[in-house]
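Encoded as C-alpha cells, here's the structure I'll be asking about.
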Amino acid sequence: MSHPFFKNYGPILISEILKYLGIKIEDLKVDKEILDIKDLYSSTNADITFYHSKKYKEIAKNTKASFCITTETLKNDLPKNCNSLIVENVLVSVSKLTSKFYPESINDNFDDTAISILETKFKNKLKFGKNVLIGDNVSIGSNCYIGHNSIIEKNVNIGNNCLIGSNTIIRNTIIKENVRILDRCVIGKHGFGFFPMKNQNLRYPHIGIVIIEDNCEIGCGATIDRGSMSNTIIGKNTYLDNQVHIAHNVKIGQNSIIAGQVGIAGSSIIGSNVKIGGQAGISGHLKIGNNVEIGGGSGVVKSIPDNTKVMGYPAKNIKEFLRKNK
Amino acid sequence: MSHPFFKNYGPILISEILKYLGIKIEDLKVDKEILDIKDLYSSTNADITFYHSKKYKEIAKNTKASFCITTETLKNDLPKNCNSLIVENVLVSVSKLTSKFYPESINDNFDDTAISILETKFKNKLKFGKNVLIGDNVSIGSNCYIGHNSIIEKNVNIGNNCLIGSNTIIRNTIIKENVRILDRCVIGKHGFGFFPMKNQNLRYPHIGIVIIEDNCEIGCGATIDRGSMSNTIIGKNTYLDNQVHIAHNVKIGQNSIIAGQVGIAGSSIIGSNVKIGGQAGISGHLKIGNNVEIGGGSGVVKSIPDNTKVMGYPAKNIKEFLRKNK
Amino acid sequence: MSHPFFKNYGPILISEILKYLGIKIEDLKVDKEILDIKDLYSSTNADITFYHSKKYKEIAKNTKASFCITTETLKNDLPKNCNSLIVENVLVSVSKLTSKFYPESINDNFDDTAISILETKFKNKLKFGKNVLIGDNVSIGSNCYIGHNSIIEKNVNIGNNCLIGSNTIIRNTIIKENVRILDRCVIGKHGFGFFPMKNQNLRYPHIGIVIIEDNCEIGCGATIDRGSMSNTIIGKNTYLDNQVHIAHNVKIGQNSIIAGQVGIAGSSIIGSNVKIGGQAGISGHLKIGNNVEIGGGSGVVKSIPDNTKVMGYPAKNIKEFLRKNK
C-alpha cells in the first residue's frame, strides 16, 4: 500500500543506496531498483529492510527483502536471498535512507501551502471561524466545524460530523467521523525521536501518521505526535481530557478514558476500556491490557495485564498500594 | 435567580417532560408548568429535582419540588408533596432534561457569533492587539487590555483593570477586577464530564460557569473548565502558575498559590491561603482546608484538614513523609 | 555591561532612592548618582546593592557598592565604604527599586508595538506564515522560518537557520543559531515570582531574559519564563519535548534531553548530558550535576551529584529505587 501522505521517491537504485550509505560491495552484479524501505516482516523482494537487534532474529530468518542493513555480528541470521549491507549504526543508516525515500517526512516547518479557507473549496462546505487556514491535500466531510485561528495543515482527512476547536493545528492525520478536537491542540507533528549526538543531534524521519477513530474527543491543549515507523492511533470512542500528551507510535484502544495531564511515552500500546486517572504517566514501549484502570498520578513502568487495577509510582496492584499506604 | 448566561427554555409542561424521559404516569391530573431543574435543596414547588443517592436522604425528605426524578428504591424517602418520576439511570435522565431546559449549555462549538473587535463598541474602550474577536453578550470594564489573537467568546463579563494575554480563549466566565490572565489559556469550556457508553459516550450539559475573583493571576496555558451543575471558582488574589489544569466545579479560596503544572480534578474544594507545589495533583471530590501546604509533585487522594502540611504520593503529613524518605 | 533589552533609567540620585524607599539618613553629605542596582558581587562603587541573608556574609564583606539595602541585624557585616540603608523587608525594597531602574521589566501586557511582518523589513528576509506579528527591537538572521499566527514580541534576537513554529509567542529572548522552536510555545514572559500579600500580591520585576543556545529544539507547548535577577538559559544542543515548563532563572547545560511534561522550578541549575524522563519534576534552587539521568515521573527534591542515576519520589539512587520496588 502506498503511503497516505508522504510521497515515496523510490524506486532508488541499490548502487545509489550503497553510495549514499557509504557502503562498498565488490560483487554487486545487477543494479536492482528498490521500491521502499520496510520492516523485516513487511518487506517484499523489491524492498530494503533492516535488522538491528537479536530480538527480531526469528523474523529476520524469514525476511523476503533482497537487501538488509545490519551489522557484522547479526548478518548470519539473514536468509540466503537477502544481501546484508554492513554499517556501524543500523538505525542511523535506516534513518538516513528513510529520508531518501520520504524526504517530505523530515520537514516539520510551518506549512507554507496553507491559505485562508476563504480561498478554498471548503468555503461553502462547512462552518468555520475567522482566520482559518487550510493546507494542501486536505479533505473534509460534511457537517464539520473548524474554530477560529485553527490550521488544518497539509495531509489531513477529516470525516463527517467533526468538530475542530479554535487555535488548533493538525497535520498528517486521518480523523474519522463524529470526532471532537477541542481548542489549542497540536496533532500530527513529529515525535521526540532523534539520535543524540554531541553538538548536534540527528533527527530521524517520522513517516507514520496519526489516526483518530470515530466518536473520539480530544481535550484542550493536547499534543499527539505522529509515528516514526508505525502510526499513532486513538481508538473509537476514546476520550482525552485537557493537556494530555500522546507520544509517537502510541496506540490506544476503544472506549478508553484518559484524564487531564496524562502523558504516554513513545510506542506504548494501550488496550480498550482502559481508564487512566489524571497526571498518570506511562513509560515507553509498554503494553497495557484491556479493562485496565490506572489511578491518578501513577507512574507506570511495566506492562500491565488485562483486567487489572494499578496505582502508585511505580504502579502496582491497587490493593497492595492501598495496604502499603494506609 | 436566573442563569447569568444560558437561557432557561422553561417553563416546560410536566406532560412534555414525562414524554421526553419516556415515563408513564397514569394518574397525572393537572398538567403543571415546570420552571427549572434544580437540586433537592434549591427547588421550589415550581421546579423539578432529582434524587440519586442515599447520601442526600435528609435533604430529599424536605425538598419543596413538585416532581423528582429518582428510582424505585429511593422514592419512599421523598415527601408527600413530591411526585416521584421513576427512571433507570437518574443522572442520565437529569442530563437529558437539563439539556431541554438549557440547550445552549450543550454546544461547545467555536463561537460563531464572534466578530473582530474593530466592529464592536469596544473599539474605543480598551487597548487590544491584532485579530481580537468578541462574541455575543460580552461586557468589559475600563482600563482593560486584550492581547493578540485572543477570543472573548460569548457570555463573558470582565471587570475593570483586567489584563488578558495573547492567544487566550474565554467563554461563560465572570472575571472581576484587576485580574491578569496570561497567554494561551482556555477558560470556560465544558469539563470532562460524560456518561461512558459503549461506542458513543453521552456528554452531559455543563450549566455552570467560571468565576475569577479580584486580583487573581492565571498563568500561561491554563485550562479552567466551567462547572456542570455548580460553578468553577478561583478566589480573590489567588495566583496560578503556567500550565495548570482546573477541572469542572472546582472551587479555590482566597490568597492561594498554585505552582506550575498542577492539576485539580473535578468538584474538589480548596481552601484559602493554600500553597500547592509544582506538578501536584488533587483527586476529585476532595476538601482541602485553609492554610494547607501541599509539596510539589504530591498526589492528594484524601481530604486534608486546615493548617496541615502534606507531601508524597499518596500525600501524607510532611513529617512522616520526610521521616520515611531520609 | 548594559542590559540587552530593558532600558536602565539610572543614574538616580541617592536622595531620590532614599525618598522612594521611605528611608531617612540624617548625615547624607553628598547626593551621589547611582548607576544601577546589582548583586553584592557585581556592584561597583557607582551601584547600589542589597544584603538579605547571612548566606552571603563573605561576599557582603567585600562588596564594592557605595550603598546597600539591608537590615539592622545584617548591617555590621558590610565594609566601611558601604552605607547601609535599613529597611524592614529587603527583598520588597529591592523589588521596588529595581522597578525604578527598569520600569519596562514590569509590564508584561501584550506587546502593543507588534505589527504585521508585512509592514516590516523582515518581509523579504525570511519565510513566514499568515498573520505573523513582529514587535520593536527584534533582529532575525538569515534562512529563518516563522510559522502562522506567531508573535515575535519586542526584545528578541534570533540567529541564523532558526525555525519558529505556529501560534508561538516570544519576547525578551536571545535565540542563537539552528534553533527549532515548535508550535504553541510561550517564551520570555515573567516568572511566577511575587511577594504574597493578603488581598493583593506584589509582583517583583523580572529583569532577566531567556537565552537559547545553538542547535536546541523546544517542543510544542513549552513555557520558558525569563529570569528575575539572572537569566534563564537552555544550553547548546539541548532538546525539550512537548509541554515542558521551565521556570525563571533555570539554567540547563549542553546536550541534555528533557522529555514530555517535565517541569523545572525556579533557579535550579541542570548540568550537561543530563537525561530527564517524562513528567519528572525538579524543585527550585537545586543543582543537578553533569551526566545525570532522572527517571520518568521522578520528583527531585535534593541536588544530585554528577554521573548519578536517580528515580522515584523523592528521587533516590536508581538501584535503591528498584530494590525497594521489586
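To keep things simple, chains are lettered A, B and C as they appear, and every chain counts its residues starting from 1.
Definition applied: a residue touches a chain if its C-beta (ideal position, glycine included) is under 8 Å from a C-beta of that chain, and two chains touch if they have at least 3 such contacts.
Everything quoted here is computed from the prediction, not taken from an experiment.
Chain contact topology: the protein chains form a complete graph, every chain touching every other one.
The pairing of chain A with chain C is characterised as different-residue: of all residue numbers used at this interface, under half are used by both copies. Rounded to whole angstrom, the centroid-to-centroid distance between chain A and chain C, based on C-alpha atoms, equals 35 Å. Residues of chain C in contact with two or more other chains: 131, 149, 167, 184, 221, 243, 261, 279, 313. In the complex of the two chains, the chain C residues touching chain B come out as 108-112, 114-116, 131, 133, 149, 151, 167, 169, 184, 186, 189, 192, 194, 196-201, 221, 223, 225, 243, 245, 247, 261, 263, 265, 279, 281, 283, 299, 301, 313-314, 316.
Residues of chain A touching chain B in their complex: 127, 129-131, 145-149, 163, 165-167, 178, 182-184, 215, 217, 219-221, 236-237, 239, 241-243, 255, 257, 259-261, 277-279, 295-297, 312-313, 325.
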